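Only one structure is covered here, and it is reproduced in the block below.
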Amino acid sequence: MNLRKIKNALIRITSTIVVVLITIPLLWIIFDVFIKGISVIGLEFLISLPAPIGEGGGIANAILGTLIINAMACAIGLPLGIATGIYLSEYSNDSTFSTFIRTIIYTLSGVPSIILGLFAFALIVIRIGHYTAIAAAFALSIIVIPIVAKATEEGMRAVSIEIREGAFALGLPKWIVVTKIILGVAKSSIITSSLLAFARISGETAPLLFTALFSYYWPRGINEPMASLQVLIYNYAMSGFEAWVIRAWGASLLLLLLVLFINILVRRISTR
Amino acid sequence: MYKLRVNGLSAWFQNKQVLFDIHLEFPEKKVIAIIGPSGCGKTTFLRCLNRMHELTPGARVEGKVILDGKDIYSEMDAMEVRRKIGMVFQKPNPFPHMSIYDNVVAGLKLMGIRDRKILDGIVERKLKEVGLWDEVCNDLKRSGAQLSGGQQQRLCIARALATEPEVLLMDEPTSSLDPASSARVEALIRVLKNNTTIVIVTHNIQQAARISDFTAFIYNGKLIEYGETKEIFESPKDPLTEKYITGRFG
Amino acid sequence: MGVSIEEYEDKINSTIMEMTELIENIKDHVLHLLRDKKKGLLPLATELCKVAQIKEEKVMEFCIEALIRLQPFASDLRKLTTSMKVAYDISRICRYLRNILEVAEEFDISKCDTSEVLSLFENALSMIISSIRSYLQKDFETSRNVIKADELIDQKYRKILRKLASEDVEHTCILFNGLAARIIERMADHACYIANETAYLLTGNRTL
Amino acid sequence: MKNISKIIFLENFFKLILKIATLIIIVIFLLMFYSLFERSMPSLMENGFYILFGSSWDPNIKLFGGAPAILGTIISSAIAIAFAFPISLSIAIFYTEYCPLRVRPIISEIMNLLAAIPSVIYGIWGLWTISPIIKLNFQEPIIASIGFIPLFSGPAYGLSIFLASLILTIMITPIIASISMDIFLKTPILLKEAMFALGATKWEVLRHVVIPFARRGILAATILGLGRALGETMAVTMVIGNSYIWPFQSISLFSPATTITSKIASEFPESVIDLMHNSSLMSLALILLLFSISISFITKFIEKGVKYR
């Protein structure tokens, strides 16, 4: 009898300690990045180009690059993901074909991002003959597709049969019911998933290493190598030059704030 | 002159037959009540009248439903049928992402009618018709989902009326409402009768007796008895009907 | 459910039975009058009629209460509407019986020949009794017989009237016999109404 | 009012667009295999099984043995799972049974944020903050005391397969934990209450109802976490040291090592000029892709048995 209670108490204490322990790295990372990064952040840092090796400078081109690449990735990934989600939810009739597509999407979501980078390299960079932001956007869009497709399908399936029938009973054709009514009701879950996908690709570095590569200049066109925050952090952190490492921390702070902001925002939206 | 004639209607879910060879005629501008125990097929019957039944996977229909001389299954397009034969559901189902205004004109706006003046007129007229105008005229931009249950149901009726249907099907429209809201909807049905033929499924036989001119009793997918409401409720011919409406079933 | 249609039916029918007993009571007085020319029974009959009227109101109250609380349909509804009408008919018959006694008070009928009116009365009485029995026992055959019997009453009534018109008898006797026959004929009509209502209760059809 | 034929045309057009989108995704998926396979061909033809089992990697003499990278990937992930599994389970246990209801959203928020932090930030944190601390306060004392055991032998570099596993643990714990939390919460309440009604303690209910009920789901979550660990690139590349000495020259966990991903990330840019070098890296990627696909299929297969309701 007593032994049982002691066992229970032990588990309670152990599990509590583990939970406390796991919060340490989270707080540590956030504080660390904040303290080391804040010192370098300033207007100069945010609006100027990188300086020659080891001398500092700003990260403006990397910020712009990340935004451009993300925007392009979303421009490719969101329509494809949403369209596939709509197809799976409304037009597939749970056939073998839809099971096949679902399996592909599930598998794609598990493919390591570095492989997507290599895929974009083999498919686009080699054919074009130089590094390009287009290839980066293509690789990142493959990360966006499964996230958005899954959320779209689930969001649309969650729309009640009553709402659907209400729409059909007005004599609306199916594609209007799907796009204007069901998609409209499922809008919020698609928006949140798009935001999450955006946050996710903002942090992805591996797919950019062999596609957009890096650049020390302002983006000149989308079919050019392009700087990005993620690759900048990697390059600068690995360089060992103190001035660059400190700038890597500054860039990390920006990236962390962006990603955490979107995640917390999404939680707020979806729990409301 | 009959508005709607049902000729040998049978319906199936997968291999299970749920309606058996139903023959009926609905006179114009009358209220017809469909009564029967739960699961007797009365809702399925209603859904066959505007081709909603075929939306259910595995559902099948045989027979004819003739609207003004045209068979809705062979001579009309499903969407055309549903515009001419509107439907109101058991649970109020306003589109939650749309404003009250957009809910009313959803059927028109989404089909490409964008003239603001026409839409404004329709919204006002239809909301007045269902007695919702005074309650909501100041915030038509509010979401339809924020209204009370009774208001939502009247909004859904306004939405169904906006496409000017000639027949209105109502599937237990008051079953999720409180008595006061139910009474308003019933009063509304009596007014709508002036322009529209109304077919209402209800499990509340008092309601059927109150609001309908004709009553059909369906049991186990078969039409047992159909006639003037007064006849059916005072001296039904079939012992099954008698048993059902006196509450001595099974 | 607090109350059932059966409970109301029991209460209503036992009240109607009580009313029937009142009829039996008053009818004895009328028989006395027509056979033995016995007078002075009016006050007692008046009292009994008042009781019958109170019981009729009671039936009405039961029916209205049942209609409100049960909102009955079909045969249940017909039970109530029928019993309201039957109670009214019985109460009306009571008053007709009293009317005969009342008319007799106005005339000196000691020398009148009332045998034919008496026979008419006995016929009507048996119709009344059978009609009420057919109602209480839900007996369709009996109610049909009552309605058939009405023709006989009508024939007899007309015969009496023709006879009164042609024969030379005292005026008072003509008046009394004529009025009494008229009242009895009305009583038989109400028996018919009861039978008709019974038929409606049982079949849902008013036209036999 | 639009006429019927126009509506039917639009309907079919819309359906066609959706079909095309799904076809594009199928094409992308197949193309991914094809591209990787095509780029790997030269190396696979040349090296054969050496890419799988060979222990040396020297582009100058055209030796491309992938074994250290493949082993590094497997071992670092296995260590990470060995740590993350009990930690995640403890978190899920605390979350469902022992923590006050108010604290629940806080825990799931912590898991959410841990999972959201970009891996390159885990990398910079591991590289510049954790690695010196680990080297000084953990590796050196251990090497000094039990360094005679080959698994813990010196010298202490800081950057090591051990550090990579540690960072991976922190990165995959939130994945396994949040799935386990969800599954634990789905235990039929009736079963739990029946157990409590018999006088069982919370641990006994967990032990005999909740955990057996969630077994398959936890297994699937763990394998999913393993998949993430295998494919993780940036954090690992930045903290593992990228050295080929492990495990054939030193099996110490404190020795720098390499994984498939870190090998590719650190060598790929310079390999572009050498087809065989580049193709060998692609072959490693192909092996990794096969790992991740098998893991997807395994989890899918396990999850099929975890359909609640």
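Couple of notes before you dig in:
In order of appearance the chains are A, B, C and D, and numbering begins at 1 in each one.
Following the convention adopted for this analysis, contacts are C-beta pairs under 8 Å (C-beta built on N, C-alpha and C of every residue); 3 or more make two chains touch, one makes a residue touch a chain.
No experiment lies behind these values; they were computed from the predicted model shown.
With centres taken as mean C-alpha coordinates, the chain found closest to the middle of all protein C-alpha atoms is B.
Using mean Cα coordinates as chain centres, the one most removed from subunit B is D.
If each chain is reduced to the centroid of its CA atoms, subunit A and subunit B end up 48 Å from each other. Chain centres here are Cα averages; for subunit B and subunit C they lie 50 Å apart. Annotation: 94 Å between the Cα-based centres of subunit A and subunit C. A straight line joining the Cα centres of subunit C and subunit D is 99 Å long. Shown for subunit A are the residues that touch two or more other chains, namely 173.
Counting partner chains per residue, subunit D has residues 7 touching two or more of them. Contact of a single residue of subunit C with at least two other chains is seen at no position. Pairs of chains meeting the touch criterion are A-B, A-D, B-C, B-D. Against subunit C, in their complex, subunit B makes its touches with residues 205-206, 209, 233-237, 241-242, 245-246. If you check the complex, the residues on subunit B that touch subunit A are 50, 52, 55, 57, 79-84, 86-87, 89, 91, 93-98, 106-107, 110-111, 156, 159-160, 163. Note for the complex: subunit D touches subunit A at residues 7, 10-11, 14-15, 17-19, 21-22, 24-26, 28-29, 31-32, 35-36, 38-39, 87, 90-91, 93-95, 98-99, 107, 109-110, 112-114, 116-125, 127-129, 170, 173, 177, 201-204, 206, 224, 227, 230-234, 238, 261, 264-265, 268-269, 282, 285, 288-289, 292-293, 295-297, 299-300.
Across the interface of their complex, subunit B is touched by residues 5, 71-78, 200, 203-205 of subunit C. In the complex of the two chains, the subunit A residues touching subunit B come out as 93, 160, 162-173, 176, 180-181, 184-185, 187.
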